[in-house]
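Below are two complexes that have chain A in common, paired first with chain B and then with chain C.
Our next item is the complex of A and B:
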C-alpha cells in the first residue's frame, strides 16, 4: 500500500482541514461547470451557497478534531487550530462580503469561491507547518492564487496592474525566502523547524550563515504582512484589486504572514530572539512610521486602509520584537479584532462605491445623511482600528503595549508607537470628519440589503462586544499562544 | 432598596448614561421629543444618585465606599472596580449637576438630535467612569471614552473654526493620555505589588506598607503622569487646545468640557500620581507651582484681550485652573481642599457661563463684544444670570468660588508666597476682564437689531441656570458639608505627601 515507504502517521490528522478544503474547492468547480449557462457567467448563487455551507461545516469540524503534536508532517497544536479557525472565518466573511460585489464581475463568478477556498487551504497549511519545505509550498499556494484574485477584473487596467505588481514584488520576496531557506539548510542540514531551533540555540550561538539565512527568511515574510522593506506593493495592490480581494488580503493574507512570523520568532529563535530585538524592533519602528505618515495624504479609501494596514503590521512587529508569551497572545487578539474592523470597513466601501466603482474618499462624504447605519458601522470600524475605547482595537493595542512595556529595552519603541497611535487617530478622524461633517455629492439614499446588513451589524457589534468585555477572547488567545511555548 | 443602592450606586452612575446611549439607538431619529426626554430623565436620575451619595457618604469612616469589584480580565490583573471617597463624591455631584443642566440647555439643538444625545451620554459615561474607577485600566478606558465623542460633538454641532479646534483638542488630549498610559503601564510593571495589578487600592496599600518605588524611579515616573494628565487640566503651556475647543463647541459640549472634563486632569493627579508616587510628587510639585503662575497671570491677560465672549471664558478657565494646580502643589489640607472645592465651584460656574452665552448666541449668531451691548434691556433673565456668574467667577463672597479660592490662597501662602501673590493679583485681572465683558455685552445702550431677542421665560429654559446658580449660592453660603466631605478624601493624601517630604528631608 505504501510503495515509497513514507511514514504517513498523523498526516491526515494534521491536514484534515486542508484536505476538506481541497475537496470543497473541487466540488465548487464541478458545480460551477454544471450550473453555468452559456459563455457569460450568471449569478453564482449555488456555488456561493455550497461554499458557505462547506466552510461552516469545516469550521465546525475543527472543534471535533484532537490535537496532534507528534507527527513529522506538521503540528495541530492549539495555536494552529486557532489560526485555522481564523482563516476559515476570514474566508467565510470574505465570501459574504463578495456578495454585493458580484454584479461588477463580468466573468469568473463561480471560480471566485473556489479560488478563495484553495488559498484558504494554503493558509491553513501554513498554520501547521513544522518544516521549511511545506512552509514554502504553503506560502506559494497562498500567494499564487492571490495573484490571480488581485487581477480578477481583467478589463479593469488598475486590477491588472495590481496583479502584475503583486507578482513582481511577490516573486522578489519569494527569492529572498528561498535563498534564506537554502542558507539555513546549508548550515544546519535540516529543514525541520525544531532542528533549526536547536542549531540557533546551540552553545556558542548560531553561525553567520544561519543568521543570514534566517534574516533573509524574515525579510521575505515582511512581504506577507506588509512591513518595511516590502510594504510598497500594498497601496497599489489594495487599490487596484477588487474590494473583496483587498479585504481578504488585508486580514487573511497578512495573518498568514503573522503565523509564520510567530512560528519563526517564538519556536525557531526561541530564547535567541533576544538577539533579534534590534532587527525586529527597528523594522517595527520603520513600519509604524512609514504606515502612519503614508496614510495621512491618501484620498482613496482602499489605499488609505493599505497604509493603515502597514501601520498595524508595525504594531504586530513590535509585539514580535517583545517575544514574550504575553506578546504572543496579544498578537492573536490583535488579528481577531483587526479582522472584524477591517471586514466592516471594506464592506461599507463595497456598498458606497457601487454606483461608480470608485473608492475615492469623497464616496463617504455625508454618509451620515445617506445612511446613518453605514456611517455608524464605518465609524466603529475606524475607531477600533484607531484604538479608541470602547472598541476592540483599543484592548488589542493595550495588550501589545502592555507586553512591550514589560521589556525595558523596548521603551524607545513603545514611545515611537504611542506617537504613531496619536498620528493614526488623526487620519482615522479625517475620514470620520468626511462621514459626519461634509455634504454628500451623491445624495441618493444607500440601500443595504438583508444579509449584508446582518453582516455589517455583526462586525460592528463584534468590535463593541470584544472591546467592552475582552476577557473570553483574551483567554482563547492566551491558551492558543501557550502551545507555542510548550 | 438602599442596600442595592449603596452597593451598586457607582455602577448605576456609569451604566445609566451607557443605557441612555444604547436606548437612543433604538429610538427613531424623528422623535426628538422622546430622545430629549430619555436623555434628561437619565441625567436627572444620575443627579439623584449623586445627591443621595452626597448625604449618605459616611464621613466618619472615610476612605473608599460603595466599592464594587468584578474580575474583568483576571490574567492581566484587570478588574472592574469602582469606589468613591470624598473627592470622588464631590466630582460625581458636579458631573450630575452639569449633565442635567447640559441636557436641558440642549433642548434647542435641532440638527441630528439623536446623534447629539448619543454622543453626549457616551461622553458622560466616560466622565462618571473616570471619577469612580479604582482600576487603572478602566480609569484609562473611561478617560479616552470621555475624550473622543467630543470630536464629533464639536465638529458637527460647533461654531466657527470648529474643525481645526476639535482636531487640535482631540489630538492634544489623546497625546496627553498616551503619555499617561506609558506612565501607568510602567507603574503596573514597577513591582510595587507582587503580581502586576491595575488595582489602584492594592497599589496604594502596597505603597503605604513601605513598598513604594525608589526615589529615583519616582522622579522619572511622576513627570509622565503629571504631563499626561496636566494636558487636560490644562497646565500652561499645554493649555492651547482648551480655549479654542471650548469656543467652538456647542453649549452642552462646552459645559461638559470646561465644567467637568478639564477637572479629570487634576483629579487624576490627585487620585493616582500623588498617593502612588509621593516622593516624586514632592520633588516635582514646586515646578507645578511655578507653571501655574503662568496659567493664572498669562491666561488672565490673554482673556483680557479677547473679543469673543467664549474665548474670554475659555482663557479665564485656564486661568482658574491655575488656582487648582496651585492648591494641589501646596500640599496642605486647606489648599488641596480648596483646590477640589474650586474644581467643583468652577465647574458649575463655567458651565453656567457657557450655557448662557450659548443661549443668546443661538439667536444673535455672534459672540463678539463689539457687536453686542445693552442686552440686559432685552433679555434681563439671561443678563442677570450672567452677572451672577461673573460675580461668582471674580470671587464675590457668597458664591462657592470665593470660598474655594480663599482656601487655596490661605492654604498656599505658607509654602509658596510668591505664586500666592500671583494668584491674588490674578483675582484683580479676573475682575477686570469679567466686569468689562459684563459691561460691554449687557450694559450700555442696546443696538436696535437685538430688539427681537427672546429671553429665557419658560421654566424649562430657566431651570438649568437656576440649578447652577442655586448650587453656587448654597455652597457659597454654607460650604462646610462639601468641604468636610472633600477633606475626608484629601487628608490621607496630604498626610502621605508630608511624610514623604519628611522622609526625603528636602
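Our next item is the complex of A and C:
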C-alpha cells in the first residue's frame, strides 16, 4: 500500500472555480494591504473594483469549462455548474449591494469583499461535492466566515448579538452534522455519496444506524435553510446582521443548504426518498405555517423578510418532498427568482435606512412620495415574493405546485401551501400599503445614484422579465436538474 | 477486545452531556465548551467505527474515518477562534458573556 499514490484526475478541473476564488481572495487581501494606509481611511474602492472584475471573470470562465463527471473528487455536472454560476452571481450582486452600505462600516471595509469571495468559494465547493468529507469542509468554510460577517459591525450591539447567536446555533448544527456523518460512515463504510446511496437502496432497506445518521444530517441542513423547528436563529440574525450580509445569507447561504438537500434527497436517497416523504412533507408544512404566521406581526423589514424567507424555505422543502424531475427544476427556477426579488428588496432597505440606520417598517411609509422609483422596485420585489402574476415568483410557485399536484400523497400539503400563499399576500400587501398610502415621517427626497440605480432597475426588470417570459430560465433549470437524475 | 457498542454508548452519552451543557448553560464560553464536547463525541464515534471496519479486498482497512477526525478538529478550532473573537467583542461592548443579557432582538 502506497499512501501517497493518490489519483488526482480531474481535481483541478472540478474545483477550478474554487481555486480561482481562493486566489482572488488572497489578491484582495494583498491589495487592501498595499492601497490603504491606516484603518479608517475611507472607502476601499480599489479592493471592490478588483473583486467585482475578478468575480465577473470567474463567472464568465464557467462557460468555457467542460463538464467533468468521472472524477473521484467531485462532480462538475450541469447541476453543479448552474449553482456555481448562481453563487457567483449572488456574490457579485451582494458586492454591489454593499456599496451604498460601506460608509456604515467603521473598519474592515477592505476585508469584507475578501471574506465574501472566500465564503463564495465554499458555496461553489458545495455544488460539486460527492463525498461527506468535502461536504463538511465546504459547509464549514461557508458558515464560519458568515459568523464573522454577521458580527461585522462590532460597535453595534445588535450586530454582535446576531453574530453570537449565529455562532452558537451554527456550531450546534455542525455537531449534529458530524455526528450524523459518523453514523453514516459507520454503517456504510464509506464517505462517498454513491456508496451511501447504494446502502440506502440495498434490499431490506437501510439499517437503523444509517437512518439515524441521515436524520442527523437532515437536522444539520434544516438549520442551514431555516426549516421549522430549527429556524429560531434566523429572524434574530437577519435583523441584527449588516444588511448586505443579511441579503447574502438569505439568498446564497440558504441556497447552499438547498444544493446539499438536493444532492442528498435526489441522489443519495433516490428511490428510497418515498420513505422520507412524511418527514420532509411534515417539515415543509410546519415551515410554511410558521413563516406565514410569523411574518404578520413584524415591524422590522429585515425580520419580516426573514419570516418570508422561512415561508419560502417551506416551499422549497415541499418541492423536495415531491421528488420528481419537475420538482427539481422548479427548485432551481425558484432560487433564481428569489435571488432577484430579495436583492432588490434588501437594496431598497439599505437606501431607506441610510439616515438613521434603522430598518423599521416606518422607513418605507410614503416611499412613493419620496422616491417613486424605489417604491416601484420594492413593490416588484414584494409582489414577486408573494407570487403575484406576472412577476417571476408566480411562476416559481406555480412550478412547485404543478410538480406537487402530480403526487397524490401530497394533496394535503398543496392545500396547506395554498392557504399560506394567500396569507403571505396579506402581509406583503400590508407593506405595499405603507409605501403608497401612509404619510412619510421623514419627508426628504431619497436620491439614488448611478450604479445603485442600475442594479435596482436590473433586479426589478429581471423579476418582471422572468415572470413574463419564463421559458429560457425554465429550460436552463430543466437541463441542470436533469443531470441529477442522470 | 471492547465491543463497538460500548464506544457508541459512550459517544452517545458524551454527545447528550454536551447538548445539555449547551441548552442549560447561559455563559457563552460554557456553551462553546458544550459544543466542543459534542464534536468530540462525534470524533470518538468516527474513530471507533473506523477501528472496527472490516478489512477491504487487499487486507487493509482504509483510514478515512480517522483522517476525517483531523478535519473536524481543525475546523472546530477555526470555529472556536471566530466564536471567541465575537465573544470578546461582545464583552468589550456590553460587558457580559451571558446570553440572557444579549437578547434585545425581539418583536
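List of remarks:
The rule is short, and it goes like this: the second predicted complex is superposed on the first by the 482 of 486 C-alpha atoms of A that agree within 3 Å, B and C clash if a C-alpha of one lies under 4 Å from a C-alpha of the other, contacts with A are read in each partner's own complex, and residues count from 1 in each chain.
Following the convention adopted for this analysis, contacts are C-beta pairs under 8 Å (C-beta built on N, C-alpha and C of every residue); 3 or more make two chains touch, one makes a residue touch a chain.
Quick caveat: nothing in here was measured; it's all calculated off a predicted structure.
In the overlay built on the shared chain, the residue A:182 is in contact with chain C alone; chain B does not reach it. Contacts of A:236 after superposition: chain C is touched, whereas chain B is not reached. In the superposition on chain A, A:140 makes contact with chain C only, while chain B stays out of contact range.
Contacts of A:191 after superposition: chain C is touched, whereas chain B is not reached.
Applying the stated contact rule after C-alpha superposition, one finds that A:303 touches chain C and leaves chain B untouched. Once chain A of one complex is fitted onto chain A of the other, the partner contacts of A:168 are limited to chain C, with no touch recorded for chain B.
Of the two partner chains, neither chain B nor chain C is touched by A:351.
Once the two complexes are laid over each other on the shared chain, residue contacts for A:415 go to chain B alone; chain C is not touched.
Between chain B and chain C, more residues of chain A are touched by C.
For chain A in complex with chain B, the residues that touch the partner chain are 368, 372, 383, 388-390, 394, 398-399, 401-402, 405-406, 414-415, 418, 421-422, 425-426, 429, 432-433, 436-437, 469-471, 474-475, 478. If you check the complex, the residues on chain A that touch chain C are 1, 132-133, 136-137, 140, 144, 147-148, 151, 154-155, 157-158, 160-165, 167-168, 171-172, 174-175, 178-179, 181-183, 185-186, 189-191, 235-236, 239-240, 297-300, 303. Listed in rising order, the residues of chain C touching chain A in the complex are 11, 15, 18, 22, 28, 31-32, 35, 38-39, 41-43, 45-46, 48-50, 53-54, 58, 60, 64-65, 67-68, 71-72, 75, 78-79, 82-83, 85-87, 89-90, 92-94, 99, 102-105, 107.
Across the complex, chain B meets chain A through its residues 29, 72-76, 112, 115, 137, 141-142, 144-145, 148, 151-152, 155-156, 163, 167, 170-171, 174-175, 178-179, 181-182, 185-186, 188-189.
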